[in-house]
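Below you'll find a set of structures to go through.
Next come two complexes built around chain A: one with chain B, the other with chain C.
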Partner chain A sequence: MSGRVYVARSARVAARKLGEEMLVMSAVDSTLFTLNPTATILWEAVDGATLLDEIVNSKICSEFEVNGEEALRDAEMLAKDLAKHGILLISDQPITPANSRVPERV
Partner chain B sequence: MSALLQEMSDRALALGVPFSVQVDLTYRCNEKCIHCYLDHDDHGEMTTAEIKFLLKEMAEAGVFILTLSGGEVFLRRDFFEILEYARELTFCVKLKTNAVLIREEQAARLRELAVQSIQVSIYSHRPEVHDAITKVPGSLRRSINAIRFLKSQNLKVIMANVLMTANREDIHGVRALADELGVECTLDPTVTPMMDGDRSVLTLNAGESALRQIFRDEAFIGNAEEFCAPPPPPTPDSMDSLPCSAGHTACYVSPYGEFYPCVQFPLSCGNVRRQRFIDIWRNSEQLKEVRSIRLRDLTSCSKCAHGSTCTRCPGLAFLEGNMRGPSIADCEKSYARTGIPSANLLAKTETAAPRRLVQIQLVPAITGSRFDGIGAGAQ
Partner chain C sequence: MSFPNTFSVPRLATQAAVYSLVITIGGISVRVNTSDADFLAILQNRYAGFVSEQANEEAEFEFDVDLGQSESSDPDADVSVTCREGRWLMQRGDFRAEWDPGTRRGHIRQSANPYSIDAVLRIVHTLLLARQGGFLIHSASAIRNGKAFLFAGISGAGKTTISRLAPADATLLTDEISYVRKAEDGYLAFGTPFAGELAKVGENTRAPLAALYLLAKGPQNRIEPVSVADAGREVLANMLFFAEDQEMVRLVFQGACDFVHRVPVYRLTFAPDPRVWELIR
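Up next, the complex of A and B:
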């Protein structure tokens, strides 16, 4: 990945912010995740329409004063990891509800 | 509950967040179960708009687990509209239903909407027993068909049974049926009073000997020796422990908007038709009182041998007249489990007529047979 990707939340999750952390449950297999405050910011910002590197620049780098490249690498790793569990979707095209279906069983 | 979910629930407690809420969408039902605790007439259910407004407020308050129940939820024509909205708000949605109205189409829709689990009431594997309890001929066949439809959609199904005299011979049959269908199975060992406090349904309870049998049946309770072991003496920590989640991380809203600490704890704390959900959660005097209860403040239970291990339900205690008092159903369960009478039952025996006092000699067989009498006398 090069940050030139679009990321969206799957519709097949339950999610709620608890304090600074996000609690996410996959409806696919009921796996539960907690996202740390940085990952939570990313989770809340991804909309399927904004490129990941733009989100990292505007929401993470400015907020946490971290190096852009490093932050992008971390964000990509996180996105890939969550995509593996079906709770985030990654595409090189903008993601709309029509093309956002994920497999229901992994 | 998984360790992580428990950790999140603990965090919700620390943050004062209502983590899990049950909303009953209707009390109307297409079954007329003999043990049901509800009045099935419609006294003015919340409208679709009112329920959606409530769900929005609940999401903002931080509610994660939303249990939709009834009555029978599928009797609401707007059920899928409500469910769709709940999922838009990213609740983890659990359903409780008799499933009689679920066909392929409804099951597919539930899968699309990513419902977390569906609890279906099944009281026997035999139609003549189940249908006699629901008073609806053909209901077992329809509920089982529905479970098959739900399973074919890879949905998580839990069969929920309630132990009564009418079905006490069938608990293993229900479990075998659950295994055959590939679903989980739970068994509630006691019938609870009606929400208005009417205790007549308690006569349906299977009684102490059935409880004793189940509490020694490893298919239901795991390690019987551990489960039935005499309780350890209460520690300072257990004296300060919370009775349960009701009012702490969980609450209940009725179809009429009444806000209670739990579905089994009908202490009105407010009404979401007149007040904001979060205002009731934060400011209700009744909830504050519920939250203040600790084991050490309970007159009988703090002196009871079972204090540290008892599952005392404050809701049932409230229905018996005092939320800080013991709950007879739990006293009976503690006794059936361990053979050790509770402080409450001993006290009742001491204050009972002299003939009764003579009867309670601590010989298990004799104390066992007296229990029903003591329970009934207190009702």
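Up next, the complex of A and C:
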């Protein structure tokens, strides 16, 4: 994954920050995820409209002393991993409520 | 005195008698109707301390129980709880039930045993509580000095042991499944008839909840703080919840998160020693 990457939170989750950790529960299958502080920053920042590399530069690289490419690679891996579980959505186009619907389970 | 010689059958004689009782748990009353007097006796025994048999007593919900053989009698089969057009369908190997919260009525088909209806009641209560920020949780609970304490853990964590060690002035609410309701200024813990190894129905009473202890067995008694995130994960892991329904999952999740923000949660490591209760405040 490289280039234009937009990421958005799925509407089919429940999430709450408890202390420094973000707990995210899939409303589909009740699986519980815990995000570490860095992942929590990304979770809170992804809005479907801002490119992932812009988020990484503004929220991660400015906060932590990390290499931009490495941080973006890690962020893309995290986004892909969470997208597999259906709690994040990834697209090469901006993600709006209209195009973010995931087919309902039948 | 002679009886009239007639062949007519009184109208009521063609209808099965209806036996009825009201089971009130956590302040929520459920009327159960059955045509089987023996099954009524089973329920009276199973829910002793939580039943009322006054015919005119108002109940919030009502279930008719149809006794018969279900397709399977396996109570260990997976339970399925789904919502269709506002009606909840509950199914396990040993029962099939429907419940319409709109009409407040439901129907259970099961054999004459107390375990199937017990499961249905637990499910119905979890659904009702989820909308109110409350829940059922795998934990023992007791009242002491006017305050309720929960002791949560999986099977083998020590729920029954901590219950057995309770001092005489403690009121046992349950050794297995605790009932938690949100109140104006905190949470209330209620007694339940859902017993574990102690095989003793809890006291039908309630008290403001002071703390939740996550149980662990160890060589000595000690209490440690738990991070709010750990508390949230543990509460979620121990909550009873069955519904395959996205809205309900969200409600349960938010309910657990609200709870750990308002109720102190600690890890309680204890030896099988009554002095552990000196730490419970």
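Keep this in mind: the second predicted complex is superposed on the first by the 101 of 106 C-alpha atoms of A that agree within 3 Å, B and C clash if a C-alpha of one lies under 4 Å from a C-alpha of the other, contacts with A are read in each partner's own complex, and residues count from 1 in each chain.
Heads up, the rule we're going with is that a residue touches a chain if its C-beta (ideal position, glycine included) is under 8 Å from a C-beta of that chain, and two chains touch if they have at least 3 such contacts.
Please read these numbers as outputs of a predicted model, since none were measured by experiment.
Engineer: Touch check for A:97: first (chain B), second (chain C), both, or neither?
Structural biologist: Neither chain B nor chain C is touched by A:97.
Engineer: Determine, under the contact definition given at the top, whether A:14 touches first (chain B), second (chain C), both, or neither.
Structural biologist: After superposition on chain A, A:14 lies in contact with both partners, chain B and chain C.
Engineer: Can A:23 be said to touch chain B (first), chain C (second), both, or neither?
Structural biologist: After superposing on A, A:23 lies in contact with both chain B and chain C.
Engineer: Which residues would you name on chain A as touching chain B in one complex and chain C in the other?
Structural biologist: On chain A, the overlap between the chain B and chain C contacts is residues 12, 14, 16, 18-19, 23, 25, 27, 30, 32, 34.
Engineer: Can you name the residues of chain A that touch chain C in the complex?
Structural biologist: 12, 14, 16, 18-21, 23, 25-28, 30, 32, 34
Engineer: Which chain B residues qualify as touching chain A in the complex?
Structural biologist: Result: residues 2, 4-5, 8, 11-12, 15, 17, 59, 62-64, 87, 90-93, 111, 114-116, 154, 156 of chain B touch chain A.
Engineer: Of all residues in chain C, which touch chain A in the complex?
Structural biologist: My answer: residues 227-229, 231-233, 236, 241, 246-247, 249-250, 253-254, 257, 260-261.
Engineer: Chain B touches which residues of chain A in the complex?
Structural biologist: Its residues touching chain B are 11-19, 23, 25, 27, 30, 32, 34, 104-105.
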